[in-house]
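Read through the structure below, which is laid out as structure tokens, and then see the notes.
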Amino acid sequence: MAADSLVNWGLLSLSAPGWGGVLLQGFFNSIQIAVGGFTLGLALGIGGAFGKLYGGPVLRDLLECYTTVVRAVPELVLILLLYYAGTDLLNQVLALFAIGPVDISGLMAGIFVIGVVQGAYSTEVLRGAIKAVPAGQIEAARAYGMSPAKVLRRITLPAMLPYAIPGLSNLWLIATKDTALLAVVGFSELTLVTRQAAGTTKAYLLFFLAAGALYLALTLVSNVFIGMLERHARRGFAVNR
Amino acid sequence: MTDETTHAVAFTPEDLPTAKSFFLPHRIVMMLVFAAFVVAVAVFMRWDWLPRYLPRLGWGILVSLIMLFSTAILGFLLAVPIGLVQVTGPWFLKLPAKVFCTVIRGTPLLLQLWLLYYGLGSLFPQFPAIRQSFLWPYLREAWPYGVAALTISFAAYEGEVMRGAFAGVPPGELEAAKAYGMGRWTMFRRIWLPRAIHRALPTLNGETVLQLKSTPLVATVTVVDVYAVISKVRQETFLTYEPLLLLALIYMCLTGILVIAFRTFENRIPTRGA
Amino acid sequence: MKKALKVLAVAAAITVSGGVAASAEALKVGVAAEPYAPFTAPDASGKWEGWEVEFMNAMCAEAKLECVLTPVAWDGIIPALTSKKIDMIISSMSITDERLKTIDFSDKYYNTPTGIIGTKGQDIKPTPEGLNGKSLGVQVSTVHQAYAAKHFAPAGVDVKEYQTQDEANNDLAAGRLDAVQADAIALKAFLATDQGKECCDYKGEVAEDVAVIGPGVGVGLRKGETELKDKVNAAIKAIRDNGTYDTFSKKYFDFDVYGK
């Protein structure tokens, strides 16, 4: 180890005396949860957005309650509530469907928690995007005799994408950062393993900066992909201004 | 963060229900179901701990609100120059401002807070100069780190909004000001800044609600806000659901009050020409 | 649309259940997700080690249980047990009357005194008078917090609570605290580190109060699971009798950690 240098870079090496491997494993866990949570949130969001736009009054109000509560309560509180109460509730719901109680792993619970929070956000983003699709296009599809499912698949979803992508990409970035909150319930994602490493080695600044660099890299790489996606989705659009 | 996303993740004035919308038949049924649920929660769950903790909860709410307003105001004061230099500043100001916004918005707030509190905080006492300075009694406390982290975060997000707002002020208005012979400072003070703030106001509301949602993080560095008080209840009573439900309710009320206050405030500002 | 939502919900539920049903057999043993040397601490490869990990392995092997170590947040460790996220707690949790209202405990498997460390050169004694006007750090929902709240806080001691012991130690070293109260062994392990050596020294043990501190540390179990409890108790007794307990304890301590 480099005792003469101010910073002990050896602590970040990937194998045993260094904690780099542990950090990367935590980073991998964070990404897994972000991807899983974002996907689950997207599924909930598509259902929620269509429910809010085309559902009956009761369904619409229930969804309104869901999005309101999630948007008015801090993520940290929601994560605690969902982590302890939510997984309990899920088991009870599963019991109703006659599926035995399941043993929910930390990873699954994390994805579930982030997914439910993201679901409310994507509901709002997608609802706005669907509303931005010109009504004439949907009416035209109906006039051609397309079934509602086909209208959804062939017209509404592809047409709303350009409007939804900016909002959804922001939600993805929020998802990656919200995974850090799972540290508070003791899930071994990047922020928690960073603190464990820092606590054991007392090299607080080094590890927190290293973790910050990993999160930042994830954001920057995501931004590049988002830019590509946006250009792809907006092809054929008239260039404004 | 675009305006749209802020709306999607933060509760904003457009979401407030109107009074007459409550009296639709199915809503009355739903409210009855909800009332039954509330009664069930009140009767079947344990709430005997509540009176003992009420004073502390009050203090906790106060601490949360102080955290919210002090950091939102400080953060906004920082956001104005950060936004401005990105629109008009020379490259040596533009670049750091841009990097600042990117780095802060690209990393989790919890990590930033822990970096400040545990990282920087454990560095300070190694310098006797700091330890003997008048600042040391403050640096020993936890709240300055919470305020710093929340302020920086707010400044970065709002700085980005202000950048857009400054850039979006119609150039004709600035030219008109110039034609009236206004100096740069007068023009900034009388035209550019007020018009930019006006444009940023709806987003500012959303960002402030988001900031409220960020305040409980300071509890992880021993600041005793309302979240910390509820954590204490959880630890002392071993109850999980009741304190957390109450906490969610408290935050919903705070958000609601905040949003209503914003709407009242916004209605007082004429929106003609905006 | 409602139908579609229902299908979606069921599909999600099935995915979730399919993904997790596999590991239902092994018992999940909860430990606090923080470095708590020499009992439980992660090493640089992310593996948990320490005296308590060895105890867990020996006890589970003796009882023929398959145990998986599962880190959870300390302040949520009891809810995690009652909501079945974990099946046992082996995390230096003292047996107290307050906890017994919610969960069950095995017999004790170790017991150590409670001590106080403080900044070097400061005149601190482990008594209410000796700490008057000082700030004292304790970990939340521990016997030490209960003790400090009962004996020290009313006597004008500024008791500050931390989510983990590690944070309290760190704040002591950073000069944000005057003293820390905790398990004497864990504190001495901290004093042996570079950081601890530099800043602090041992100020002594606190006066006894069995009603608060409890008879020692036990394995936390859900109420009503007597079969598991009997297995655990039998295993603790067996490894005490056959010498396994002493063998692995010698690697960590030069005294009898089981206590009186």
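Annotations
Each chain carries a letter (A, B and C) given by its place in the written order, and its residues are counted from 1.
We take it that contacts are C-beta pairs under 8 Å (C-beta built on N, C-alpha and C of every residue); 3 or more make two chains touch, one makes a residue touch a chain.
In this text, all values refer to a predicted model and were calculated from it rather than measured experimentally.
The greatest centre-to-centre distance from chain B, using averaged C-alpha positions, is reached by C.
Set side by side, the interfaces A-C and A-B show unequal numbers of C-beta pairs in contact, with more at A-B.
Each chain gets a centre from the mean of its Cα atoms; for chain B and chain C, those two points are 36 Å apart. Each chain gets one centre point, the mean of its Cα atoms, and the points for chain A and chain C are 33 Å apart.
Centre-to-centre separation of chain A and chain B, using mean CA positions: 21 Å. Across the assembly, chain C contributes residues 76, 79, 83, 167, 170 that each touch 2 or more other chains. The residues of chain B that reach two or more other chains are 118, 122, 220, 240, listed in rising order.
Contact of a single residue of chain A with at least two other chains is seen at positions 80, 84, 184, 195, 202, 204.
Residue ranges of chain A in contact with chain C, taken from their complex: 15-19, 21-22, 25, 40, 43-44, 47, 50-51, 54-56, 59, 80, 83-84, 87-88, 90-91, 93-94, 97, 99, 101-106, 108-109, 112, 184-186, 188, 192-193, 195-197, 199-200, 202, 204.
Those residues of chain B that touch chain C in the shared complex are 118, 121-122, 124-125, 131, 136, 140-142, 220, 222, 231-232, 234-236, 238, 240. Within the complex formed with chain B, the residues of chain A that make contact are 57-58, 61-62, 68-69, 71-78, 80-81, 84-85, 121-122, 124-125, 128, 166-167, 170-171, 173-174, 177-181, 183-184, 191, 194-195, 198, 202, 204-205, 208-209, 211-212, 215-216, 219-220.
Contacts from chain C toward chain B in the complex involve residues 75-76, 78-79, 82-83, 99, 101-102, 140-141, 160-163, 167, 170-171, 173-176. Considering their complex, residues 1-2, 4-5, 7-11, 15, 24, 26-27, 30, 102-103, 105-112, 114-115, 118-120, 122-123, 209, 212-217, 220, 227, 240-241, 244-245, 247-248, 251-252, 255-256 of chain B touch chain A.
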